[in-house]
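In the two complexes that follow, chain A is the common piece, with chain B as its partner first and chain C second.
Let's look at the complex of A and B:
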């Protein structure tokens, strides 16, 4: 079955693109925390839980938020939109915070609200909670962005009708180095997209193209 | 649906270094969970299941010699040693070599070499080894796998998800053999985190028991080799059937209140396998022994109408081994099917869920042909997978 990328979002190098359109830009990024907060404010999102999230979840949350904002997620039933994400450093960004909190036995302060984020797939959990997604989900790890693995995993889900559509992407952050890209992938026969967006075939070449957008 | 066979399996835990050795311990009702006091892990006493380090080192030196490796044992981290031992045992009679293009290594872990963040290791190991792909590379290079490993890190369902992902890859025809390995070790990192959640039981955990007080952590590895080729000369085969993954979309660290989403994964895995729930001989649940997890699972199993199906948890034998648990427990399910025994659910005295689930208090002797494995984890994820014997 042919599949199409019917929307995508990119966050990286201070730029945010939604379907090829630049919607946010910061020339000089002081910290990730400031960058993502400014983006959250500009987009006028009201979701207090956002402030409790770790950096990986904030990054993934914003990327999915912008992706689905342009696609009306209401058209998908809870079990019918899958989420398959990947990155290189797993939850290392928060792992370092937790490790720092237990470094010294005389100043020992491990916190459950940090520890819970020391799992890479929590970002998927946050996206699922926000959008009510109950279907297939998976978090994969590879040294570099690996379009072939993502394509195989997502294609199998759609080919076997485990979901009607899938959010497929890369969410990487360590310190102030970050990049996120998410694509909405649908079977061609049932795909819809917004006016003016030209859907792309769901291929390794397309995935390589959208991770380099800017 | 193209058939996927489980052709060999290994379990490394406090109870032994092979799948059959672990199964013997399970049959005799032994538990690997003991009260330990190890300052490197915690300043408190812990009920935890730890692999015998001396035995591990002895076996690892042998493996280095057998494989004519020039590296010293000290080149490898604890988890790398355990994973290499586990894979090595599982692939010893493999009809194809790891460097065959049709073979893939699938690795499941939650925290990998996370102990390397501790000060005592930073000078000894390259900091890169803390990345999960670097851990996978060490295992890949040791055996000479040709393909880049697929790495799954999806909290406590990682192991079951790795089996689901591998069987899907084999069915798609891209590979013919998948060596699916999972491992996680006991670290101060993980122990301190679960302590901060107040999730640890002061005594060995008691899954599904009325007086359960929380989980016991453990460490270990499990490997299952999947193949589209059943191998020659066997009279019975274990098939990996359908699997499904779902999300609660409710809370990142608390399970669903209704169990509906795990039930959905269970129903889809049965549907995917073309099997009626009435055909399931036993369910091996996640059963962490935390009050809310076990309750959610009982609700889910009950919703899927399997309240009378014998159900057990293996957490009472070797604790919760995180990313390894799905593989170790599935390997024990395969042993169950080979031996036609349903192992008792260690730690059970009085069921906390009469009428909702049928927890196995004594080992059952009966033909075991169809089994359901479930797992649930932080991030609201659930997985279910069906095994069948032919």
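Let's look at the complex of A and C:
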């Protein structure tokens, strides 16, 4: 069954695109924290939990937020939207923070709120809580962006009707180096895009295209 | 006591990343959990760490937490009481 990318969001190198439209740009990025906070403020999102998330979750949260903002999340039932994400550093960014807090035995104060983010798939949990998603999900870790694996995994979910649509993408961060891309993938026969974006075929070539700097 | 309450407000805002909340927004007698600041279970653990890290106070019985962390004032009272004992 043919599948389409009916929406996508890109965050990287100071730019944020939603369906090929530049919606945010910061020429000089001092830190990821400042960049993502400026984006959050610009989009006027009211979700205090955002500030408590680790960097990986903040990045994934914002990417999903913008992706679903340009769709109509109401058209998907909670159990009908799957999420498959991947990256190369897993939760290393937060693991290092945690390690820093436990390395000195005389000042041993691990932070519970840091520790809970020392798993990469927590970012999916944050997205699911925010949007009430209850569909299948998976977080894959591979050295490089692997469009083939993502395509196969998502196709298998949709072909077997375990979800009506799937958010899939790459959410990578280590220090101030970051990039996130998320695509909404739907079966062509039931696709319901309403955002005016011309859908792309869900192929490795399309995934390779949207992960590059726009 | 007022000085400690103001210090605690600052520490709680920093420790719990309450970015959109200022010290003036926190009523020292309002509940920290539930309808107050809306803190969650992870925040409760962070408050336990805060007491130990900043005041050297270790809560021995977790059941005491509900009473100690009811509000900023109850936290301040607990700290004052335990620092006198030390």
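Rule of thumb we're sticking to: the second predicted complex is superposed on the first by the 212 of 214 C-alpha atoms of A that agree within 3 Å, B and C clash if a C-alpha of one lies under 4 Å from a C-alpha of the other, contacts with A are read in each partner's own complex, and residues count from 1 in each chain.
Here, contacts are C-beta pairs under 8 Å (C-beta built on N, C-alpha and C of every residue); 3 or more make two chains touch, one makes a residue touch a chain.
Just so you know, these numbers come straight off a predicted model, no measurement behind them.
Undergrad: Evaluate whether chain B and chain C can sit on chain A together after superposition, giving fit or clash.
TA: fit
Undergrad: Give the angle at the C-alpha centre of chain A formed by the C-alpha centres of chain B and chain C in the superposed arrangement, rounded to the nearest 10 degrees.
TA: 80
Undergrad: More residues of chain A in touch with chain C or with chain B?
TA: Here the partner covering more residues of chain A is B.
Undergrad: Classify the contacts of A:116 with the two partner chains as first (chain B alone), second (chain C alone), both, or neither.
TA: Once the two structures are laid over each other on A, A:116 reaches both partners.
Undergrad: For A:61, is the partner it touches chain B (first), chain C (second), both, or none of the two (neither)?
TA: Neither chain B nor chain C is touched by A:61.
Undergrad: Counting only touches as set out at the top, which of chain B and chain C does A:10 meet: first, second, both, neither?
TA: After superposing on A, A:10 lies clear of both chain B and chain C.
Undergrad: If you stack the two complexes on chain A, which partner ends up touching A:178: first (chain B), second (chain C), both, or neither?
TA: In the superposed model, A:178 contacts neither chain B nor chain C.
Undergrad: Looking at the overlay, what does A:202 touch: chain B (first), chain C (second), both, or neither?
TA: A:202: touches no partner chain.
Undergrad: For A:48 in the superposed arrangement: first (chain B), second (chain C), both or neither?
TA: second
Undergrad: Least CA distance chain B-chain C after superposition, rounded to whole Å?
TA: Scanning every C-alpha pair, the shortest chain B to chain C distance is 7 Å.
Undergrad: What residues on chain A does chain C touch that chain B touches too?
TA: 110-112, 116
Undergrad: Looking at the complex, which residues from chain A come into contact with chain B?
TA: So the residues of chain A in touch with chain B come to 78-79, 83, 88-90, 92, 95-96, 98-99, 101-103, 105, 108, 110-112, 115-116, 118-122, 124-126, 128-129, 131-143, 146, 149, 152-153, 156, 162.
Undergrad: For a test of understanding, state which residues of chain C touch chain A in their complex under the given definition.
TA: Spelled out, the residues of chain C in touch with chain A are 16-20, 38, 42-43, 45-46, 49, 52-53.
Undergrad: Give the list of chain A residues in touch with chain C in this complex.
TA: 48, 51-52, 109-113, 116
Undergrad: Flag every residue of chain B that touches chain A in the complex, lowest number first.
TA: 43, 110-112, 114, 117-119, 130-134, 148, 150-155, 161, 165, 168-169, 172, 174, 188-189, 192-197, 244-253, 261, 264, 268, 377-381
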